[in-house]
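The same chain A turns up in both complexes below, where it pairs with chain B and then with chain C.
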Partner chain A sequence: MPDLLEVKNLKTGFHTENGFLPVVHGISFHVNQGEIVGLVGESGSGKSVTSLSILRLFHDTHGEIVDGGILYKGENILTFSEKKMTKYRGKELSMIFQEPMTALNPVLKIGKQMRETIILHLGMSKKEAHQYAIEKLKSVGIPRAEQVMEDYPHQLSGGMRQRVIIAMQISCNPSLLIADEPTTALDVTIQAQILKLMEEIQEKTNMGILLITHDLGVVAEICDRVIVMYAGRIVEEATAVELFENPKHPYTKGLIESAPKIGSKKDRLNSITGTVPNPNNMPKGCKFAPRCPSAMPICHEKEPELMADGDHTMRCWLFDEEVEKKGEMQYG
Partner chain B sequence: MWQYIVKRLVSLIPLLLVVSFIVFMFIHIIPGDPARLLAGKDATAEEVEMARASLGLDKPLYEQYFVYLKDTLTGDMGYSVKSGAAVSELIGDRILPTLGLTFLSIIWALVVGILIGVISAVFRNKWLDHLGMFIAVSGISLPNFWVGLVLIQLFSVQLGIFPTGGAEGWKSYIMPSFALGAGIMAMIARFTRSSLVESMKQDYIRMGRAKGLGSRQIIFGHGLKNSLIPVVTVAGLQFGFLLGGSVVVETVFSFPGLGTLLIDSIQFRDYPVVQAEILLFAFQFIVVNMIIDIAYSYLNPKIRYE
Partner chain C sequence: MSNLQTETITMEQMKTNKDNRFLQFWRLFRRKKPAAISFYFILFLFIMMIIGPFVTPYDAAEPNYTSVLETPSASHLFGTDEYGRDILSRIIAGARISLSVSFCAVTLGAIVGSILGLISGFIGKRVDKLIMRTCDVLFAFPELILAIGIVAILGPGLKNVIIAVAFFSVPSFARIVRGATLEVKEMLFVEAEESLGASRLRIMLKHVFPETLPTIIVYYTMNVGTAILAAASLSFLGLGAEPSSPDWGAMLSVSRDYIGTAFHIVFFPGLIIFLTVLAFNLLGDGLREMLDPKMKD
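Let's turn to the complex of A and B:
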């Protein structure tokens, strides 16, 4: 059986005044049915562009997928016509965005926005869709759902709006849900509720979820597997347990160390020095080398390939056998 | 919603009082003595005083104002100096053609303007967009009296399709309303375009696409309603100016409306008529503004609930 989603050598970028600017540099990963995969990285690491690529949402932007394949249940959606793609969006592949405050249309009632998708994909009448939408709102824990259907977005809190969006995006039972920073804009207590809700939905429906976040706490909470991105490349991939117990890439280590821990006695948080390189001005060699505490001469010269250690993969010279030997010769 | 409309209507009362006071003061601001003006150049002092008494100008100012207010409210706006006819009758005869003309103009301007704006926004930077914006720039830059003259030359003199002027039958409304609405249509087209282009960048549009909505649903179901708020503002303001613009266009087409009446009255120093027309224009402007506010509350649910 093929993976639910398989991304192969995806290259996406933006057309700018100075020519084409690649943002995602040939990444490959997969999401299985019933799995929650975390895609982690700082701002500018290309994780949102990756998620937009999967739904091909580059309308009214200068973005373009230039190479690679995105296989959904074995079919390459990059070969789909826009018309066929429209039928898949919201029905097969669905997406939740970061900003619940602006993702709902401010001038339309919640009911209208809920019904729209249901009528479109499930072919229900307006009346049936209305009832169905109320059920869906109740299923994501919205009290007095009948009333909420008549409300406008600004009458709801951020957490409520995110629940509405989740209800909307799972209403047609998609097999894959992409959640782009679904909790970032919310209060901490609400964050936990929303994560729990997503976990429950996943258990109930057995859908695959690709969770995009910069927050390792969120990852630890619900993800089965984690992919770490840096500067448009995958730098490490492992199961969530393995990644937290045995992080390999210095970037991942940095991320874990810079996350606040309860019970830690440190006064100050660690942080990774420097910033993500500008896509216009990428360093030669490993893109993380300028910020890396363990950088070796070769890191500044040549970019490492992904290396596998069982299910754990990483893109770092530290784990290259040849380099290891040479290092031993140098220092040994 | 109804509560909101009633609230707005009540808030009009003080505004109308202020406007009526300014219009009332009009006759006192005119240089010279209106009583002498009415009595004529060769009038004796006695005759002037009689004219003064007949105008009520011998009473204290506040009393004059209340009399004026009472008369206006009961529809008595005095008599034309030129023809001696009741001002209310003069205006009554002219108001329907002018209202018809302005409404026709604003309606075609809205329909065509929004259509061009949407097409231009959707086909941004393609030839359809350039064509739409060319039409818009032409509409803004060509003065309406000139458009009127060209229309008369082409369709009346050369082709004989439409009458050169007057207000008899629907045919005589076509060319004046075209000339009057062209500029507004152009404005509306430009505002619709830029506003829709802006709307299409919003998160909820991307959300709509992620839901699987097609382009038509995205544009008309989600984008356009959000874009109409600035368009309504412009259309409303322009509608106000239409009432002024109609003065020029009505003159070009010898259209028997309020605009030509105003021009005639000003030329003959027919102050009672001028005064009544100014009050009417101000009143129309206020009403239009209120309609815009109500339209806002329809377009933007946040306004409705605050």
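Let's turn to the complex of A and C:
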């Protein structure tokens, strides 16, 4: 059986006044049925562009997928007509957005917005859709769902709105849910509730979830596998447990160290110096080298390939056997 | 059984929600004095439009050569014109012509302009460029000159005045609706709707268009004022209503020869045009304060 989602050598970029600007540089990964995969990286590392690519939501931007394939249940969705893609969105692939405040139409009642998708994809009558929507709202833990159906988005709190959005996005039982920083705009207690809710839904429906976040706490909480992105490339991929216990790439280490820990006596948080390089002006060699504490001469010269160590892959010269040997010869 | 109960509750709630929103709107609106007064004035004009012929003291078209160019008095509140016709009666009768011409024109212009603006803003790219550059060309002509040109081509008459006035309000509606569309289109919920599988057409009509409605309503109201003025100007120039008809512009046109001897027959039609245009503009301003999200805070 093919993977639920397989992204192969995806290259996406934007057409700008100064020509084409690549943002995602040939990334490959997969999401299995019933798996929660975390996609982690700083702002500007191409996470959101990756998720938009999977749903092909580039209408009003100048974005374009220039190479690669996105296989959903073995079918390449990049070859789909726009009409077919429209049928897939919401029904097969769904997406939760970062801002629950603006992801709902402010002038339509919740009920109307919920029914719209259900009627469209499941072909129910208005009455059936109404009942079905109420059930779905209840299933994401919304009390008094009947009243909420008659509310406008501004009458709900942020956490409630995100629940409504989740209910809406899972209402047609998609097999893959992409969650683009679903908890970033929420406060901490609500964050935990929403994550728990997503975990529950995943267990119940066995859907695959691609969770995009910059918050390693969120990853540790619910992800099975983690992909770390930097400057439009995958720099490390491992199971969540492995990644936290044994991070390999200096960038991943930096990310983990820069998260605050309870009980630590340091008065200052570690941070990774510098910022993500501008896509217009990428460094030669490893893109992380200018910020890397353990950069070697080769890092500034040549970009490393992804190297595998069992299930754990990373893109770093530190783990290249030949470089290791050379290093030993030079310094040993 | 429980299903039935929830159904009734929601239906009731729907009703109260709607009532509340309307009442709330009305209560806030009434506080805006100029807009509220304008609203009542326009309402009054509309009532006159409908019941006018039944309440006017004299027949608007009936000449009476015993009382020519009479100054305002108890029997003729606004005086009489050169044929002895009661000016008040003629103004009331003229409300029908002037208001219906301008409303038809603006409605036509608003429909065409909004559709073009929506398409232009939503689809963008070449379609947008084509529509907007065409609008720019139309904007390059002074509005009245454009209208005169169209009437000159189509021939004088009220129907053609409607077309002419509608024609020059199309580009401004198109531009304003395009702006609103661009703004709404960028909002996240549009992308969210798309991620749920809504088609482009559906998003345009069901999600983007309703958001531009407040802008359209405000602009519509303000444009009625402009249209009244334009229709009156065309009639004044002899390109619209027939000179003998009680259209406000035509009345001004005919009576301008008497401006030195009988001031009132120019003054009252002019005054009513002025008040009506002012009322529509003030109402539009008031509505904008209420409806425009940018002015809310």
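Throughout what follows, the second predicted complex is superposed on the first by the 332 of 332 C-alpha atoms of A that agree within 3 Å, B and C clash if a C-alpha of one lies under 4 Å from a C-alpha of the other, contacts with A are read in each partner's own complex, and residues count from 1 in each chain.
The working rule: a contact is a pair of C-beta atoms (placed from the backbone, for glycine too) under 8 Å apart; a residue touches a chain by one contact, two chains touch by 3 or more.
None of the values given here were measured: they were computed from a predicted structure.
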Open item on the list: Given the alignment on chain A, is it a clash or a fit between chain B and chain C?
Closed with: clash
Open item on the list: Per the contact definition in the header, classify A:Thr252: touching chain B only (first), chain C only (second), both, or neither.
Closed with: neither
- [ ] Check whether A:Ile134 is in contact with chain B, with chain C, with both or with neither, and answer first, second, both or neither.
- [x] second
- [ ] Examine A:Glu150 and indicate which partner it touches, taking first as chain B and second as chain C; both and neither are also allowed.
- [x] second
TODO: Considering only the touch criterion stated at the top, classify A:Gln169 as touching first (chain B), second (chain C), both, or neither.
DONE: both
TODO: Mind checking 42-50, 60-68 or 276-284? I need the stretch of chain B that runs into chain C in the superposition.
DONE: 276-284
Task: Set of chain A residues, in rising order, touched by both chain B and chain C - done: 55, 57, 59-60, 83, 86-91, 94-95, 97, 99, 102-108, 116-117, 120-121, 165, 168-169
TODO: Within their complex, state which residues of chain C touch chain A.
DONE: 3, 6, 9-10, 13-14, 17, 124, 185-189, 191-200, 206-207, 210-211
Open item on the list: Give the list of chain A residues in touch with chain B in this complex.
Closed with: 55, 57, 59-60, 83, 86-91, 94-95, 97, 99, 102-108, 116-117, 120-121, 152, 154-155, 165, 168-169
Open item on the list: List the residues on chain A that touch chain C in their complex, please.
Closed with: 55, 57, 59-60, 83, 86-91, 94-95, 97, 99, 102-108, 111, 116-117, 120-121, 131, 134, 146-147, 149-150, 165, 168-169, 172
TODO: Within their complex, state which residues of chain B touch chain A.
DONE: 200-214, 217, 221-222, 225-226, 299-302, 305
